[in-house]
Amino acid sequence: MTKSPLRHAWDRFRRNKLALGSLIFCGLLIIVALSAPLIAPFHYTDTDFDNKLVGPGVGGHLLGTDALGRDVFSRVLYGLRTALSVAFGAEVTALVLALIIGLLAGYVGGRLEQGLMAGTDVMYAFPSYLFAVVLVTVLGRSIFALILAIGIASWVTQARLVRAQVLTLKQREYVEAARSMGASGFTIAVRYILPNAIGPILVTTSFGIPAAIGAEAGLALLGLGVEPPTPSWGGMISEGVRSLLSAPHLLLFPAALFALTLLAFTWVGDGLRDAFDASGDQR
Amino acid sequence: MSLSQDHSAQDHLLEVSDLRTEFRRSDGERLTVVDGISFTVEPGKALAIVGESGSGKSVTVRSLLGLLPRTGRVTGGTAQFQGKDLLALKQRDLRKIRGRDIGMVFQNAMEAMNPTLTVERQLTEHLLWHGICGKADARKRAVQALGDVGIPEPERRVRMYPFQMSGGMRQRAMIAMAMITRPALLIADEPTTAVDVTIQRQLLDLLAGLKDQGTGVIMITHDLGVARYFCDDVMVMYAGRVMERASTLDLLDRPRHPYSIGLLGSSIEVGGRDLPLIPIPGSPPDLARRPKGCPFNPRCTQAEQPRCSEEQELIKVESGSAGSVDHGAACWKAAALV
Amino acid sequence: NIFGSQPQQQEGAKTLRIAYTTVETVDPQVITNGMWILTRGILEGLVTQTETGDSVNPATAESWEISDDNLTYTFKLRENAKWSNGDPVTAHDFEATYKRLFTPSGASAGGTTLGANSYQASTGIKGAVEFLSGALTDWSQVGVKATGDKELVITLANPNPDLLPALSHPSLLPLHMKTVEEKPDDWQKPPNFITNGPYAVTNWVMNSTLDLVPNENYWDRGQVFYDNIQVQLIEATASGTQTVPYENNETDIVGIPDVDVQRFQKDPELSKHLKVVENYSVAYLAKLRSENPALEDIRVRQALSMAMSRDTLAGVVTGAKAGQTLVPGRVKGWDDSFALGEDIEQAKRLLAEAGYPDGKGLPEIRILAGVDSPIVAALADVWQKNLGIKVRPDIVESGVYVERRWQVQKGDYIGFYFGTFAGLPTWPTYTGSLWSPIDVQKFSLPSASWAQYQKIEQDKELDAGTKNKQLAALLKEKSSPGSREMADLVAKGYSEPDDAKRLAIFKEAAGVREQESLYIPVLWLSVYFAVRPTIEGIVMRAYPDYFYLKGLKPKA
Amino acid sequence: MGFVRYLASRVARLVVSLIAVSIIAFTLLQLAPGSFADIARVSSGATNIGSAGTEQMVTELENRYGEDKPAWQQYLIFMKGAITWDFGPSYKYAGQDVQDIIATAFPVSATLAIIAVIIALLISVPIGVFAALRKDSIGDHGTMFVVTLGHALPSYLTAAFLILFFTATLHLLPSSGWDGPANMIMPVLALALGPVAVLARYVRSSMLETLREEYVTAALAKGGPYSTVVIRHALRNSLIPLVTVVGPLLAGLMTGTVFVETLFRIPGLGLYFTQAAASRDMPLLMGTTLFFALILMVVNLIVDLIYGALDPRIRAEAGGRGFLRGGRKLWQQSKVQPTSV
Amino acid sequence: MSESAKQGEVLVRAESVSKLFSSRAGETLAVDDVSLDVRRGETVGIVGESGSGKSTLARLIMGLQPVTSGRILFEGQELSAMTGKAQHALRGKMQMVFQNPYGSLLPHYTAVGNVAEPLRLHNRGTRESRRAKALELLELVGVNPRFADLSPRQFSGGQQQRIAIARALALEPDLLVCDEPTSSLDVSIQAQILALLEELRGSLGLSCVFISHNLAVVERLADRVAVMRTGKIVEAAPTEQLFADPQDEYTKTLLAAVLPVRA
């Protein structure tokens, strides 16, 4: 009986088999990514010139090798690392920026809000993917630059969402009640509004993760991903596309894991959305 | 059922017996929200359904029209209306009755009107659906109907969108919409909660006119004053059951069921400043954990165990005064309580 | 019509479809990837390359005479050479075109010659450099003169044994200058673009297609067999697989990437489609300047060059050969006499002598590259294994790459940048203009001097004369003796009229360059094409022309 | 009256935003390492150039494009032209003016995007409605599952698989080129599949929400035939907010098709932008960025206007903030996922 | 607080206050030159048609919105002239119970957390003492402390309103403003709340502003009643007098429209 709203959400989430399975899968992915050096049979730079471009299973290479005889399986594992660190990094960046800006704009209002929102509008008008391209070009290729580029490119939508949330919650009577009790603006924004806005924000964030993984791969396709030889899925996929006919395993395995990961995170996001959306229970 | 035996079936405009409705909650649990309800409505008479919030009043009437949400399901009972069992009808046949023979006024007029269609469109579309009249005629009728419910300048207002009208006007437009086909039965779900007392009075007078033309009315309300002013009979519901049923005056003046007594005890009214205020203790039941026997048992000051933990039938306490229904209550002690 | 091209081919028309990189402009005097398509059969210069690429065949020029001092070339143009609009091709056209090339930018309508002018000026044409720099304004002093409608005289300042092959370069192709001047903004757009080669351009949609039809006025029309040629323009860096369109019969001639070459080779049918141009380019390393002086020790550089296991590296890329020297084997007269050679033991000794026994104490070596190349990854691997040193590729975005190559690297960042070069397969090209003497000298400067050099170069206060003087002085004083020796040898080679002697001198210069190991050869690369067997008459030739469109014909 | 003022203020904001965008883009470009001349020399295949050539080339470029001037002057020079829709000649595509490049390439990207969105709508609306009407049934879960698959795959991967299937295996469709309708099928599919997923889920949830509305029940209570009620009352009202998703989606597709364009050899605008960024082609990069920003903002403005036109509640508030509020709010909720690159 | 000496002294005074809302849609004079006194220990009822400015007036009294003109004096001090600190201190002396019981409770706090929150905001006591006090209050308003750690949505509407009242009492305010505290509840729950308020008023000596559209409720609780229409107070009188002998036309129609329940 004693259930907080979060608990309720979790209960609903748990009943969604697909989402729960995806969550477990995502957890596994994270564990695998963390322990990649232990699991991967080879280092991602290890070359094996005798077994170049071999198919799965040949020469002890589970998923075959690339043009340098590097183990595709190991590279996919390390690529997972890249993908996840970029995605989480970018989402955290975006979230922090979005929370600060969205809360300020939504709660304080007035001039500050107009200023912040004008800024967000500009950032929104800057096509986000173009922004990432330019930013990575400027900062050079590194995980850090990617995180920043993708993070900055996606905070805008998040900030708008936070602000929209804050604006609706601000109308709720408990905010006025809190003011009448003598709570300061900061307390209201951070202690009262934020925890109640967190549901939808969490949902966007969870959707942001697959989007960020996709964005990283996209940039890698343009030659703007992490620096080789650090494997990245985008890089592997673009290489794979180039050898579509001759070495399909170079495309298929990274692409399959990539797609699975995206799907899993998307489904988790979906599950979260349904879990936080209590409207289904209302009537 | 035992109560309505003295009426011949033809008399009844609507005869509902043993209606049961269930809901599936999102956690899979099934709730019986309406638990074996029977009542009748006579032409030109109004029945008030009163009772606690969540006692199943709205669900009862929605069940009749087949308008339950996807999660709800009628699991038993019959509802004879003009010789047909509403609950057994196919959606296609039910559709022909809805709107034409049975009109419904929804609880919240703002939400019950489509915000993107003009009032005219919404007033007339069912005239066209049912082939009652043609387009031009429908328009005339719409203006007429708006005028009838006391909206000034109906020609102009008919072209408005719902949000452009005040709450009171919308409520009236909603009533006009239900009346425009001159239905035999009108169901009004708390039609006056959103308006203040002066407008409430106007609306009730409007409905009274309809009643005089022979329309039977089911009126759901919280306000016992409204029931007294407008309705002929009253049915008191609690936790999906009928607690008590009688003609309005019988019930309001001589309530027999402890819940009805409590309800009246907690109603206050102007001029009653010095009357004692006796709230019903406790809180409404959790439908998922329905108490055994009388659902009011846990809150009942009169309760005596184990009798109250047994199923309670609606028993006749007293014959109705001339021409009105018998006074019945679902409490074995009812006869003793005055 | 959103579909840019209008494919309105008649039944039975003979069509050829070839894949090519994006053509950004059809102005041959602007350096782009696109300019090379022009030499294939759209514009025709005085001469075309022979199959080996080191000498030339007559083209618009029917014949030529070279003066005894090797300074004056007199070209006789064909009487029947015509532009696609029917105008005769005259020597005046060539003169006007070359004038446009050498005119300083911004001065006239022809001011769009992104750098092409400056190096063509160094082909040795008299007065070209001066005219270009603005020092000379009288065009008649420049060594290009139409002495008649059909006679063009080119005069050189000093002998250039490579002049004739150089004339096949796109920027020395003729333009219909009348149109260029009349329609300065639109002359490139079909149908304004007037050509004198076998084919004319009818339609050009950027990033999509360039459509060619025979130039009916071409002097050798009988050798033009296709009714249409569709050049499919593919953005090289971003393109996906190019073999898919080929194997789906959407393209008839296409360059084949490495992975697919191996499959083609194994396939009994497809292997017949493969055509190769061997050793067309050289993959090399160039020393990066760094605050850390480790690589300024010639022994370290030589050790690194000797321990590359080039044969292993060659195995990584199909068709690659061990790059024994910076001059590739296809250059006539090449032998391995001047190569530094490979010797891991010797390399280890040299390293130890330099103070890094078993690589200990040597900072990590970085290989800077602008694109991810299997060669770089493999090289890093090989060096680590052979010498026990630490090596790491540094693959950066192209803008970073170009900027870093010239910088003095900070701290312990030492290494090489990776690049590829290709040129006319001649000795003057491979010693005089690729890894040229001046470059070798510059690379031999110690980091501090290099910084100074760059400072002078960028000094806006100095006038050109003083600047050049200061730079020359600095080079003379600080560059390595080897690099200076090479410069002297190359200069001597240029003016040596005797073929055998010249070869010997150039070879010696190349040998000195190898010893310096400022530039280190890695691999000689080949390029593969898939050519549908239904095409007859294709002759694969050296970089940069690969094959000419003229003479290609559908099998009957 | 109010409407005109509202429009004017929106346009004013648009202009200010564009200026801000141009400043950011220009600053970023100044910070980027390498210059056009440097990069062109390396990537043009003009391998014969000795270092003397480079120097010459750099000075030449500087003279031609004013790169020797201080950055702010360059910016002003560029913007002076930009105001009159003259972005100057591209560096990389020498001889082509940026506005001409945009004028020829944008229609291609736009066509592709518009067709993709139309296809996506044609597929997703029925799917979404179907799923909503059969909420929680196998059909609902099944279609939504399939639809998510399409969404999770970025367009470049979809494109690769389409090529592998339709061209490499079945030899049904041409893999590249832009010569006729057959060339459109795969790129349009690749672009449409993602949006199908987004839109279908959007339609579904918006439909579910509307179906829950009391006025739908009220319409049923009036005896409306189910299909009529679903279409006239529920679908209509669910589709109004869809405008707010489709607009940005369309704008996003118009600007973000670079992978599909390169893969299928389509002469669209996306390709130019990435090339401009990679080669530091200042006029082209600035031109395309500004153009994209303009498109995005204009589309947003149009969306807000259409939205107002469709929903009488917002229309009535015209001149007020109604346009913004209604439209943007829904749109923000729907723009949960940035258009995948 | 309940010293009888203080009884009768004016606690809050509204001096011809007005409130003008202007939006692009136009201007609304929600409160139009209203003057009102609330004495210590007194309950003032406010009734009137919907949209007549009742809630706005309550907010003005609470200082939740600035007045357009006029002054609000609390214990003789003008609200708007105070420093932030003084205002904060004052907040402790006046509390409000909102119309929507669930909406006014912090949804992510437990019942007891909600009640203790004003204490925390005003730094009263320690964490433990605050909790103890909150539990005591819950008990006082009739919420079983056993359920103190449930979240608000797990209580029925009546219980939620009780929690809200407990919260309003936590700081022992001098003034309690109730804005239609029972309008969203059904009669039996309404009765519970009314009984509670009656009891509290007696035991704590609170001053109270009570807004309702339900005349019966006001009649029951208020000592004096003000009738509002279109932003103005059209009539104000002691309760009995007003109900027995309404002067204003509007008051009369209002009273006439009331439907009796009992015979």
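For reference, chains read A, B, C, D and E in written order, and residue numbers begin at 1 within each chain.
Operating definition for what follows: a residue touches a chain if its C-beta (ideal position, glycine included) is under 8 Å from a C-beta of that chain, and two chains touch if they have at least 3 such contacts.
Which protein is which chain? UniProt says B = Oligopeptide/dipeptide ABC transporter ATP-binding protein; D = Peptide/nickel transport system permease protein; E = ABC-type glutathione transport system ATPase component.
Since this is a predicted model, take the numbers as computed values, not measurements.
S.K.: Trace the shortest chain of touching neighbours from chain B to chain E and give its length in steps.
M.R.: Each step joins two touching chains, and the minimum needed here is 1.
S.K.: Going by the touch criterion stated earlier, list every chain that contacts chain C and also contacts chain D.
M.R.: The shared contacts of chain C and chain D, listed by label, come to A.
S.K.: Of the pairs A-C and A-E, which shows more C-beta pairs in contact?
M.R.: A-C
S.K.: Using C-alpha centroids, which chain lies at the maximum separation from chain B?
M.R.: Of all chains, C has its centre farthest from that of chain B.
S.K.: Nearest whole angstrom, what separates the Cα centre of chain B from the Cα centre of chain D?
M.R.: Distance between chain centres, rounded to whole Å: 53 Å.
S.K.: Would you mind pulling out the distance in Å between where the CA atoms of chain A average out and where those of chain E do?
M.R.: Whole-Å distance between the two chain centres: 48.
S.K.: Between chain A and chain D, what is the separation of their C-alpha centroids in Å?
M.R.: So the centroids are 21 Å from each other.
S.K.: Could you check chain B for residues that touch two or more other chains and list them?
M.R.: 69
S.K.: Can you list the residues of chain E that touch 2 or more other chains?
M.R.: In chain E, no residue touches at least two other chains, as defined above.
S.K.: Listing for chain A: what residues touch at least two other chains?
M.R.: As it turns out, chain A has residues touching two or more other chains at 137, 140, 221-223, 241, 244-245, 283.
S.K.: Which of the residues in chain E come into contact with chain B in the complex?
M.R.: 49-50, 156-159, 185-192, 194-195, 198, 213, 215-217, 219-220, 239, 243, 253-255, 257-263
S.K.: Over in the complex, which chain B residues touch chain D? Could you list them?
M.R.: The touching residues are 62, 65, 67, 69-70, 91, 95-100, 104, 106-108, 111-117, 125-126, 129-130, 161, 163-164, 177.
S.K.: Per the contact definition, I'd like the list of chain C residues that touch chain A in the complex.
M.R.: Residues 237-241, 243-244, 247, 257-260, 262-263, 312, 315-316, 371-372, 374, 377-378, 380-381, 393-400.
S.K.: Mind pulling up the chain E residues that touch chain A in the complex?
M.R.: Touching chain A from chain E are residues 59, 62, 64, 87-88, 91-92, 94-96, 98-100, 103-108, 117-118, 121-122, 149-151, 153-154, 164, 167, 171.
S.K.: State the interface residues of chain A toward chain E in the complex, per the touch definition above.
M.R.: 1-5, 172-174, 176-183, 187, 192, 195-196
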